[in-house]
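Same chain, two partners: subunit A is paired with subunit B first, then with subunit C.
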Partner chain A sequence: MTTTPETIVDGSDSGPAGEPPETPEAKATDAQAPEAQAPEAQAPEAQAPEATDTTAEDVEEAEAAEPAETESTGEPAPAPAPAPTWKEVGFDTVARATGTPFEHQPFLELGLQDDEHAKIEQILGRRPTESELAMYSIMWSEHCSYKSSKLHLRQFGEKAPRSERLLAGIGENAGVVRVSDRLAVTFKVESHNHPSFVEPYQGAATGVGGIVRDILAMGARPIAVMDPLRFGAADHEDTRRVLPGVIAGVGGYGNCLGLPNIGGEVVFDECYRGNPLVNALCVGVLPVGRLQSKAATGPGNLVVLIGAKTGRDGIGGVSVLASATFDAESEQRRPSVQVGDPFMEKLLIEACLEIYDAGLVVGIQDLGGAGLTCALAETAAAGGTGMSVNLDLVPLREASMDPPEVLASESQERMLLIVTPDNLPVVLSICSRWGVLATAIGEVVAPEVGGGRLRIWWRNELIVDVPPGSLADDGPVYARPMREPADRILLLADRAETLPQPSAADELRATVLRMAASPNLCDKTWVTEQYDRYVLGNTVLAQPEDAGVLRIDERSGLGVALSVDGNGRFARLDPYTGAKLALAEAYRNVAVTGAIPVAVTNCLNFGSPEDPGVMWQFAEAVRGLADGCQELGIPVTGGNVSFYNQTGTMAIHPTPVVGVLGLLANVAARVPMGFANAGDPIFILGETRDELSGSEWAHVTHGHLGGTPPTVDLAAEQRLAGVLAEAARVGHLAAAHDLSDGGLAQALVEACLRRGFGAQITLPDGLPPFVQLFSESAARVLVSVSRGQEAAFAALAAERGVPCAALGAVRAPSSVLAVEGLFDIPLDELREAHTGTLPALFGELASRTGEQSGELASRTGEQSGELASRTGEQSGELASRTGELSGELATEPGS
Partner chain B sequence: MSAIIGVVTFPGSLDDRDAARAAARGGATPVRLWHADSDLHRVDAVILPGGFSYGDYLRCGAIARFAPVMETIADAARGGLPVLGICNGFQILCEAHLLPGALTRNQHLHFRNRDQRLRIGTAASAWTNQFLPGQEILIPVKNGEGRFVADSRTLDELEAEDRVVARYIGGNPNGSLLDIAAIRNEAGNVVGIMPHPEHAIDELTGPSLDGLGFFASVLKHLAGSSVRMAANQGVAA
Partner chain C sequence: MARVVVDVMLKPEILDPQGQAVANALPRVGVTGVASVRIGKRIEIEFSGEPDLEQARLVADKLLANPVIEDFTIRVEETAKAAAP
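Now for the complex of A and B:
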């Protein structure tokens, strides 16, 4: 293929029509032919129409057709009359838009309101073209513009404590926290809720892919993922459809990408039946000096699109899916869900990191929701520059795509780089080495030239001419009406503390077992076995531990701890306190490992902001989280809002999910959750109150939700974290486990089963045993202390003002969990209850393998013929040989 | 000078850094080999690491088998070069016909990651000579397509010739025939193993230190047979 050096449309000093964009055939900057690009890269100023033979004629025609445009320098020139008809051009252009001001536009269908459309016309001084309309509709959608949440989210910045560590905060792709002189860590959690209900596997997979690119865009190597997941009732048929697909999607993408999955949540509640929550967190690490910017600075610099080709997948995902309430037609929205290719993303990661290390990029932005539209608008707006883009150069999966589709496509595994012309050849050759397609599609234009506008050409026609900031920053902002839900007074009055409680010893014993087996508290091995937790070799703690712990520096042992937590029931009762409780739990989960919490991210999952009750919940939750972070002295570094999680008028519980990042000076000092040595004394830290409203016990045994959630005392959480960090540092702690869902009883079950040790417990005097066992009071932790250190540990707790009560001691392996005067439960019985639930609910796939063995065998390539019969014969024998495999997935206890 | 172990990076390799770290922890000097470079750079042994080479497109290992580096490795392996294929590497070795059989989708159709007990079958290989036959070890397994299958004649041969290097015990995680987790070639220099020894080299990050035995074994093998190996490699070249 012969190419000429002209690919870049440059609006800097000549009119738009004077710039003949290349045809797709002449796509010059293809990574497959990097050498061919070099001359162009080195001579971008040679912008004279040196088009290929095939395009030259078109260019002349275009020029002849629109003489008026050639003199234009900045403002769109008035179109010659009559404007070309739709048929003549085949797509809408700026010239057409100017000439046909009253043409009907489907803005309502695209999710724009009347006044929003009027505002666009006011910004442009004309009606938008169809491409512009598509761009505004997605950039001004709830998902991209945060138009309902913006007013509230400002508190995160306003109330944020000053932090020397924060290198990048809210507004960037992800917050970046300095962790040593040399290293920084970046982390963020995002939602992919709506796509995951429509198409569970791909929805969840691309949720992982999207957050990983956010982390990559900051200059970091992604090092782990976590997934807080929420589904409808565990035994509901929708959950049976959605959960296996979501788990397989999270695993399928993350495993293939080579990122360990180190934690998360799996929560079941009827309120999520039609709106499962699939949140994904990614954490990355970078040398401090490698921090990247998304600003497209430097006029003359090139805009390079790398990664996958652009296809029709995910078109309108954000406006259609994420910004509207589900209805009966949701099934038909499958084409709005993106399709992921983790292999391409892995290559993209390696290529980008090599490019960063060589110092070859000026700016970088990932393509996620709103695709190219968002990346172009945000990079230009952040740089305060204009940008000229030739859309014909975007590599397409389907040649018949029209410009709005190309601009709106949410095809995965793409990044937008801003590169100096000198560096282009090296960037292209690195991409080529990794097999990543790379194409220069445009150029950064000085703001003083033509008013710093984002201009996009297609088939030689100007189709977009807008101020980039109007897309990225000037979207509508709504102060939505808010009203405390009318039912809340009744809800708060209906306290769970007044429900009938078990008190007899055998009732308590049965309740411990029932709770341990309940879907929210049961063992999640069925899920987590589908995730790779070992890859990259730095996973120090992973699920079911309270927090994931990663080593980030092998020499010093420096590491980070991460936890994500939320409690929709608490937030339903009181969103302000609920958000603070989620923060407190994540903070505590990080603290029990011995880490010092330093930063916060959040994913705020709510119903429709157009419902004043939901909006009130949202505002209260944001206020609670912002106040909480201020009290704890750790900043929110970024996050994500997911509205419209409702089906019809039925909204989910307000579900703020909070992620906390902590630091460990040496991961060798980390404290795991499981009892580890027989004879170690066991203590409970913190104060237990009669707090059962919103508890797991009320939910499981009474299906009850009412009352006020547990008291939140962040100063107490801080003191507790201080004791834990110090005790971990000096090596007092053998195990530490957060008390939260299910209270002390569940914490004991988990601490015993984790490594198979028993415990002998004597409940302190005071509250009834039931309350002590199942209350969900916050700011409490169960610890086992190395023998001989108990006096020093108790003195430390006393000195820091943390209540500390002796509970008993760790017993021998494979013994019992015994509560003095009440019950003994053998560990085997506990384990059976705890581990059996999910395989019983979701293990059906495994039992179908018998039917599938023929099919499997036939896939084994050259051996197929003989094998098929061989495996047939063997299947009976096999089943007996591999006895334990049987029908269930999780046959091994997690110990 | 310590032995040099080359770790191949294919597009989509994931455990390559881990394998290099494990080789270093085991006392060797790791070097990175690139899939498109057919030169083995005078390494003493090669590890084909875990991952999803070429996205597992077509079939696991089916495309990697044709990488330029694999032609050289196949020749050198026939000449005696110690080669360890872990997980995806095992799949590649089968696709390259350096080992018999195939790895198919797990019988239960799920990816599964767990700490797995294995029983060493034979110590007569370049990668297991520091273990005792019958020794139990604990290393992580993590795969979606790790079910070893082969025709009955091959299975009989593997057993008769003492070429089953390790078997799953305490539960077969993927439905492998005869609980096979690892096998070797006739000469014993090429071993394919589905579980991941490179993730059991540090008590902080793995379930045991049992993975180190594989690296100690190859160092012992290289030290004991350096003369023979050099001769073999000369022939292969």
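Now for the complex of A and C:
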């Protein structure tokens, strides 16, 4: 356990010249040792890799080669036993696998199908070893291989509009978008749904940690996170168990890392009860020249594992957890939960950034799902090289781990670096200065040598010998059967527009209040106040604003705006339109700040792909999103698919969550959502139609879901965004707020309450007041315009072909939201309704932290994160590494 | 009066950042030769009458420990004995 400090001492004490090379060299030679054996050992097999039927000759050759080689190198040779048996060695080797072709292997239990197993045997020309089987089962799982979704996801590339800005796109750890001559921004959203259901705190926390490392791997400094979350009904007991833990986990990890959480969603719907959706987005910024690659190029370069030790975290997490449905068995299947350590991640970030800035890495990849297996296979495959790895060199938390466990471990806070031998000493010393363990575990091998295979040694035995591409790229691809769900015709016919609607003034007033207090529309402060939103000092807008806005360049004021949105109900009614609507909403949310949308990321949360109905939903949603991006002219830069979000036969609503990134030339010109000056005229942009199907009103009032979702007109969205950007640039706008869930009524409530200003509204003639207030037609925005500029603004809207109707004016602070001829609601009454919901459901936060309720602390596993920070572990930990503080602080429990 | 003591520890395979931080800080106070530190918590439950182990177990399982990542043990401690020294 004291290895970290020791490493520090090794690195820094020994000075730059003499000692440090010794350690690295020693390690490097260790790593090279197996490599030296490689060509000879593998020669026989390399000759017949395609041979599906392993002949006796092959076997003999392989077995003969084994001992001969060991003797010739003579280097390790503690056990010169020829062809060791399973019992003697205690683990499976390539030699054994060749010699025992018919040994039973638990591939079904590992989630591999018969034909997939056969394909592995065909690739290898023999049965896979235990370790290889573990690696294939993970890499070919749905989660890693995208085997059901690949076919459809291609559209994102094929339909993507060409963008000069895109520096890295799909297939990389995250998409990278150039935002100025000097700077680029990278962002991505990922799911951590299943782990968060098993252990809400740690699941959500490691979700944040994982996406942050993806961003780090691109060469960027992570600057903010966002988290779209979906839970079961707000008052259900499962939600009460899962939600506080998830929120605390997201907050705990992000806050400890010092990253602001600038937005996201919290949505409640019965369909997510057994499958909460915990998606996490991270955004980072990098100098254009610092973009990193994951390719392991340059034969002779070293493979360096840095960060935390490898333990039995989340073993089988990917293959078992992420790719299998929850059922009665999940209790037993539960692998050890991954526990995150944000303080280690912080050190990892700083170490990596220093290494990038010094230009010391050839390639880098984060270790996330599938751990070392994925990182080794992907870096080698991307580089088109082979790789030799000595698994004995991987620092382990528990010495008793088997090779498949080491390879599959999902221990957090680790990265894999490809480094030239010359740079290794500097890399090791930088890591040790940051208190990050760093170990050279292998070497890049030229593709000509031994066929560019990934070879892994353990206790001087070859245990893995595979083509890296077969793991990373050539996984199975399925064109799964798809069928439009049979109930869809009935669903579409059951329109919400025909439901009984309130029309009397007092009914409308009550509806406004009830909607404002409903779980999906109510104030989310209970959640967001647990997140640090302004740390780092660059947050310009954060929740509850429509989009998070960050300044990324202090000199020019250049900034980015980000929003993530999704609407599972719309997607359930029509996945194609639903995906487009999610895109449109995120696009609009970015546009209302005055930003220009430039790129898209997505997280596609669906049920089981083996269900033709779900597969159809997925295909339709992807098609919709790809078409939508093409129409809007902004590319999908990357994303993530999460299947098997279902319990039994009940799948969640198809839930494509779309993130849009926009650019603001100067964040000083950003437009906030709240009314800010009494007397400012209020306008509504866009056209309101009688569109209530799938609406929040139908959900809250009638528990109804049916009909066709609102029309989506992306050309109109584009015109609208154009007007908003121009109006923001010239300073027309005092406030702009997107109309979406809950329609105009909800937008007015939020715009009023944001800064406590009232509003006097007169609804235009035409549609009934109820429809005007609660319809969820897309491409609409509520704005307040600075007094005196209304004519210019209206002219701008008219010129760009955007419908613009006057609604009234902003009233004095602490007054009322008044709709002419219908109702007045004092802001206090409105606020009470809007803000009371979550505290009533989940308890007052103050009491929770004040009394340190044992229940929440331990039940949610919050303990390790929360307690750690409370007891001064943060300072203890960092201090122990920098040596500024006595160890006492760390041992002094604070509670 | 009897006291039931519940000890809650992270399961052995679960990462314990807090324990690690302490272990890493030990050399600074001159303690060497420590291979690992793991931190748990001890809860004392005072029953007004006879100690009810079943209830204590229930409390531990439902409230004090997170069985997904933690193990716990329960034992009765004589209050008199505990107070004496």
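The rule is simple: the second predicted complex is superposed on the first by the 755 of 895 C-alpha atoms of A that agree within 3 Å, B and C clash if a C-alpha of one lies under 4 Å from a C-alpha of the other, contacts with A are read in each partner's own complex, and residues count from 1 in each chain.
One rule holds in what follows: a residue touches a chain if its C-beta (ideal position, glycine included) is under 8 Å from a C-beta of that chain, and two chains touch if they have at least 3 such contacts.
Computed from a prediction, not measured in an experiment: that's the story for all the values here.
S.K.: Using the touch definition from the top, say if A:Y531 reaches subunit B (first), subunit C (second), both or neither.
M.R.: first
S.K.: Looking at the overlay, what does A:S411 touch: subunit B (first), subunit C (second), both, or neither?
M.R.: After superposing on A, A:S411 lies in contact with subunit C but is clear of subunit B.
S.K.: Output check: A:G251 vs subunit B and subunit C. Expected answer is one of first, second, both, neither. What do you get?
M.R.: First partner only.
S.K.: Once chain A of both complexes is superposed, is A:F343 in touch with subunit B (first), subunit C (second), both, or neither?
M.R.: After superposition on chain A, A:F343 lies in contact with both partners, subunit B and subunit C.
S.K.: Taking the superposition on A as described, I'd like to know which of subunit B and subunit C A:D422 touches: first, second, both or neither.
M.R.: neither
S.K.: Looking at A:D828, would you say it contacts subunit B, subunit C, both, or neither? Reply first, second, both or neither.
M.R.: Neither partner.
S.K.: First (subunit B), second (subunit C), both or neither: which does A:W434 touch?
M.R.: first
S.K.: Common interface residues of subunit A with subunit B and subunit C?
M.R.: Comparing the two interfaces on subunit A, one with subunit B and one with subunit C, the shared residues are 341, 343-344, 435, 859-861, 863, 867, 871, 873, 881, 891.
S.K.: For the complex, which residues does subunit B have touching subunit A?
M.R.: By the definition above, subunit B touches subunit A via 11-12, 14-15, 17-18, 21-22, 50-52, 54-57, 59, 101-102, 104-105, 107-114, 140, 142, 144, 147, 149-152, 170-173, 175, 177-179, 196, 198-199, 202, 204-206.
S.K.: Quick one: which bits of subunit A touch subunit B in the complex? Just the residue numbers, please.
M.R.: Within the complex, subunit A touches subunit B at residues 248, 251-252, 255-258, 341-344, 346-347, 434-435, 528-540, 551, 667-668, 845-846, 849, 852-853, 856-857, 859-861, 863, 866-867, 870-871, 873-874, 878, 881-882, 884-885, 889, 891-892.
S.K.: Which part of subunit C faces subunit A closely enough to touch in the complex?
M.R.: Against subunit A, the touching part of subunit C is residues 8, 10-29, 32, 34-37, 41, 63-66, 68-70.
S.K.: Show me the residue ranges of subunit A that touch subunit C in the complex, using the header's touch definition.
M.R.: 1-2, 4-5, 198-199, 202, 308, 311-313, 334, 336-339, 341, 343-344, 397-398, 411-412, 435, 854-855, 858-861, 863-864, 867-868, 871, 873, 876-877, 879-881, 883, 886-888, 890-891
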